[in-house]
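As written, the chains take the letters A, B and C, and residue 1 is the first residue of each chain.
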Amino acid sequence: MLSIKNLQASIGEKEILKGINLEVNAGEVHAIMGPNGSGKSTLASVLAGREDYEVTGGEVEFNGKNILELDPSDRAAEGIFLAFQYPVEIPGVSTINFMKTAVNKIRQYRGQSPLDAVAFLQLMKEKMKLVEIDQSLLSRSLNEGFSGGEKKRNEIFQMAMLEPKLSILDETDSGLDIDALKIVANGVNSLRSKNNATIVVTHYQRLLDYIVPDYVHVLYKGKIVKSGTKELAKELEAKGYDWIKNEVALA
Amino acid sequence: MTTATESILKQILESSTPAYFDKGNEARKKAFAQLSEIGLPTSKSEEYRFTPITKALEKRFTWTSSSPASEAISIDSFLPAIGDTHLIVFTNGRFAKHLSKLDGLESNVVVSTFEDADLKTKSVIQSLLGTISKTEDPFAAMNSAFYQEGIFIHVPANIQVAKPILVLHINDAQAKQVIAHTRLLVSIEKGSDLSIIEKSDSLGTQPCLHTFTEEMIVAESATLDYCKIQNDSGSTHQVSNTFITQADNSRVNTFTLTLNGQIIRNNLTIQINGEQCESHFNGLYLVNGNTLVDNHTVVDHQKPNSFSNEMYKGIMDDQAKGVFNGKIYVRPHAQKTNAFQSNRNILMSESATINTKPQLEIWADDVKCSHGCTTGQLDEEALFYLQARGIPYASAKAMLLYAFALDVLTVIKNENLKAHLDQLISERLHKNF
Amino acid sequence: MSKDNQVLEEFTSKEYEHGWNVNLEADEAPKGLSEDTVRFISAKKNEPAWLLEWRLKAYRQWEKMAEPTWANVHHPQINYQDIIYYSAPKQKKSISGLDEVDPELIKTFEKLGISITEQKRLTGVAVDAVIDSVSVATTFKETLGELGIIFCSFSEAVKEHPELIKKYLGSVVPMNDNYFAALNSAVFSDGSFCYIPKGVRCPMELSTYFRINAANTGQFERTLIIADEGSYVSYLEGCTAPMRDENQLHAAVVELYAMKDAEIKYSTVQNWYPGDKNGKGGIYNFVTKRGLCFGDHSKISWTQVETGSAITWKYPSCVLKGDYSMGEFYSVAVTNNYQQADTGTKMIHIGKNTKSRIVSKGISAGKSQNSYRGQVHIMKRASNARNFSQCDSLLMGDQCGAHTFPYIDVENQTARIEHEATTSKIGEDQIFYCLQRGIDEEAAVALIVNGYAKEVLNQLPMEFAVEAQKLLALTLEGSVG
């Protein structure tokens, strides 16, 4: 589904990604871990097409298409979803209105007719139940005055609404207490299928107790320095990132 | 031009021409020509809509060339309790050398009247004077034409002037009216710090007109702390025009406290002409009786990436009038500017008024600017709560007013000065409101 | 930034949708303004002598007045002798029903999206249509008549209800109130009149559509709405004009009069031709709108969505005379290209316990200048007056300007006034968030701007709100990257 080959990216003069290689297939969950400043969030942003980053080399293919040439909204329509580390506030725009616009724009891209009000409402009700979110929250201005947990739950709700092929969760666990974390993880797990894939970007192993990955990759200084199974995450938790740093230094 | 303006100008011209213009200063002549052209403000002048100063001048003054210095004044009772300072004293607009105290200044720091300056300093004064001030305000033009005395303060690069410089103005209107026009020119060079405290007081009940023009040039990475305390008599009319310009990385903190006077008008213009500048300018007016206090401020962001914050508060009692006009300009290309302003007022009596006009003019899109403005009265609930705890009404009122006013002092860094102002404000609120 | 600018430069404004002109044979006054012009207009309309005298008095006052210069707008000198002050579309002398209206005219309104005949069946909105200063058709007259509501053209009201006109004309906006009001008082050609009797709640929205069609013509209409004790009316006003290279003058006067316990809600969607993207042409919209809350507990609420006009000079105001009366002003003003808007409100608190609320949302794009100018005046006897004002500006691009000039004058110690103003831009992070959800850039801008203006748009009646949202998006199309 996703094939990243030797991806390099920089912000201004500073090189952040120094040759990333990663293959993600449908039905898989990949975790990307690493110490602060290793380039985890940059990778997520580059895949979604944030303009602040310049791709200086490499390729990214998504279902056979070179997505680096696509506008961020076209990438979204192709099925890439980014759950933001810091969801953005848009005053006066309700989540419902926001989602209605998004769903219909994506349907338009795919040559489908727009959902009418009734069909949209039905879809929304169904997904609300799935991620245990309250309608009153969805009627309020997008993310404005939301708590950290509410913002993250809203991200997962949007993910459910848009039914992406590839979801990238960028530090979705940051700022969540254990109960909120469970709810978010449950939402993600119930959306998992053999047709979609998930990339979980996180600093801590904690989230991976609830969203169990098939593969774990450790990102350090802009490169994937170690890959393994979920056991790798446990090992990291026990030994800390210094263990990886030392290993890299020796090599 | 109205007849009032005409007659005053005529009188000024007739009484003053020889004395001033014989000194051969082209700048004075130019300023006078400008004053004649713009005339004195009327009630129709947008900038003086609520401040009928021309009428007051016409009614109360006879125009003479200037007031003599007052020799026999004791300044002790006017000195604020703020610890050791350098001291510059003016009486009736004239520098009083015998009362001033300027020993112990850091070497190379110059404090001198324009006239007594050595040749080299005179040429520096010549090159700086009038470069950042404007004479669009009629009283700035009047000052430029007629100033009696000016003080130049020069701090060369990388000097932290340890003690503040206190500039004390005393106008003695016991026997007869006073007309005084004074100037201050300050240049703080790269990386230097200076603190100026300016205090004005007056004696007697004869009318007094005092105009100030103050120019302060704050160079790269320099810091200016400037505090103005206005505590004049009820017959004093004061118009100050303070111009400050800031270069890259400079810091400016100003605080204006107005307690007394007949008509007090302060024009404060800050040009942010550098990047990464920070400016805080606060003000507090606690006025009663017939005092009119009018603060006009302009902060002009001409370069990107700077920050300014303005907070003016006022309490008006009796027939006192408050006027506030705050302009924020963000010029094209002054992107990433953060500029904030607030003006809060409390009216304490049936006849007190406030006219306020916060004004934003923005020509750059990537900026954060806001202004807020409120007018209200004391919270009755809070007042009752304090009384219910056994605090008498008058004290409770003073306490609440003090709480309202207090945060304007955050801009003062000098602890002695802060404590003095704190006490001054608290006493005034207890005694007079 | 550079990307924003690039997109801004690529920006080509969507052609003005209502920019067609209709071939209607017009009945015109000769160019220029004199007492004779005033007499011509009055004669054309078969007016009574007192009204002619009133006009002439206004004209003589106007002659002595000077055009105001305090607004933050710039335009070449207007040659008042180069304007045609009266232009009526030719039609039969009198119309007994819609069937007799010139079919071209009906088509005109259909293009505007307000089919007069269809209106009847569909929306339950009564419409008075004013084309080139003359009221051409009013719908729903009978239904309204049953309730005692008078809704007709101004000319008709002069004939049928002279006592009301005589009493209230100029009672809120005196003929010499300002330069443009005096001009209007001298040469106004028609407009709408509405009277809601005591205790009647008008069952439908009343609406006027204004259209300038003829070239070189000024439009000078007058609207007078009187809400008698305890009545309620919601009134809508919309307008369009053809695209022409020269500037055209629109100087209207609107007077609202609310008696005890009455409420008037007045909504405007102003979409006069704004000129082309180089600033050529467009309407000069110099309008005086004022409401008088005469009786206790009366309420007047202004809502405006200003997207059109080359220059807007307009301050819908409330004079709060009655105790416990209330004034509201909700405004969205959008300027793009070379448009200039200087708009806001005055809230004059005279009565005790009066309240006012101001919500103004300015949006500037292109090379436009957008100013909010407002006054809150608490007079001496207005005890316990309250005002809340919120004035926000949104800037799109670095070539435009946003200005706020609020005057707050308080003469009573019991007043509580709160004024807040902010300035912001559409955040790049907001745009990216939308893009990531599959919403393209144009739709993202429309979504964010409508969100920003929501508090005002919510005040509009449903049919207007939808139109207003579309207009906002249309006016700003392509203006941010």
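We adopt the following convention: contacts are C-beta pairs under 8 Å (C-beta built on N, C-alpha and C of every residue); 3 or more make two chains touch, one makes a residue touch a chain.
The structure displayed is predicted, hence computed values, not measured ones.
Every chain gets a centre from its CA atoms, and the centre nearest the mean of all protein CA atoms is that of C. Seen from the Cα centre of chain C, the chain whose own Cα centre is farthest off is A. Separating the centre of chain A from that of chain C, both taken as means of CA atoms, is a distance of 48 Å.
Centroids of chain B and chain C (each the mean of its C-alpha atoms) stand 44 Å apart. Chain B has its Cα centroid 57 Å from the Cα centroid of chain A.
Of all residues in chain C, only 3, 427-430, 432-441, 443, 447-448, 450-455 touch chain A in the complex they form. In the complex of the two chains, the chain A residues touching chain C come out as 48-51, 71-73, 75-77, 81-82, 84, 87-93, 97-99, 101-102, 105-106, 109, 141-142, 158, 162. Considering their complex, residues 46, 332-333, 335, 345, 347-350, 352-377 of chain B touch chain C.
Remark: chain C residues 1, 70, 393, 395-425 touch chain B in the complex.
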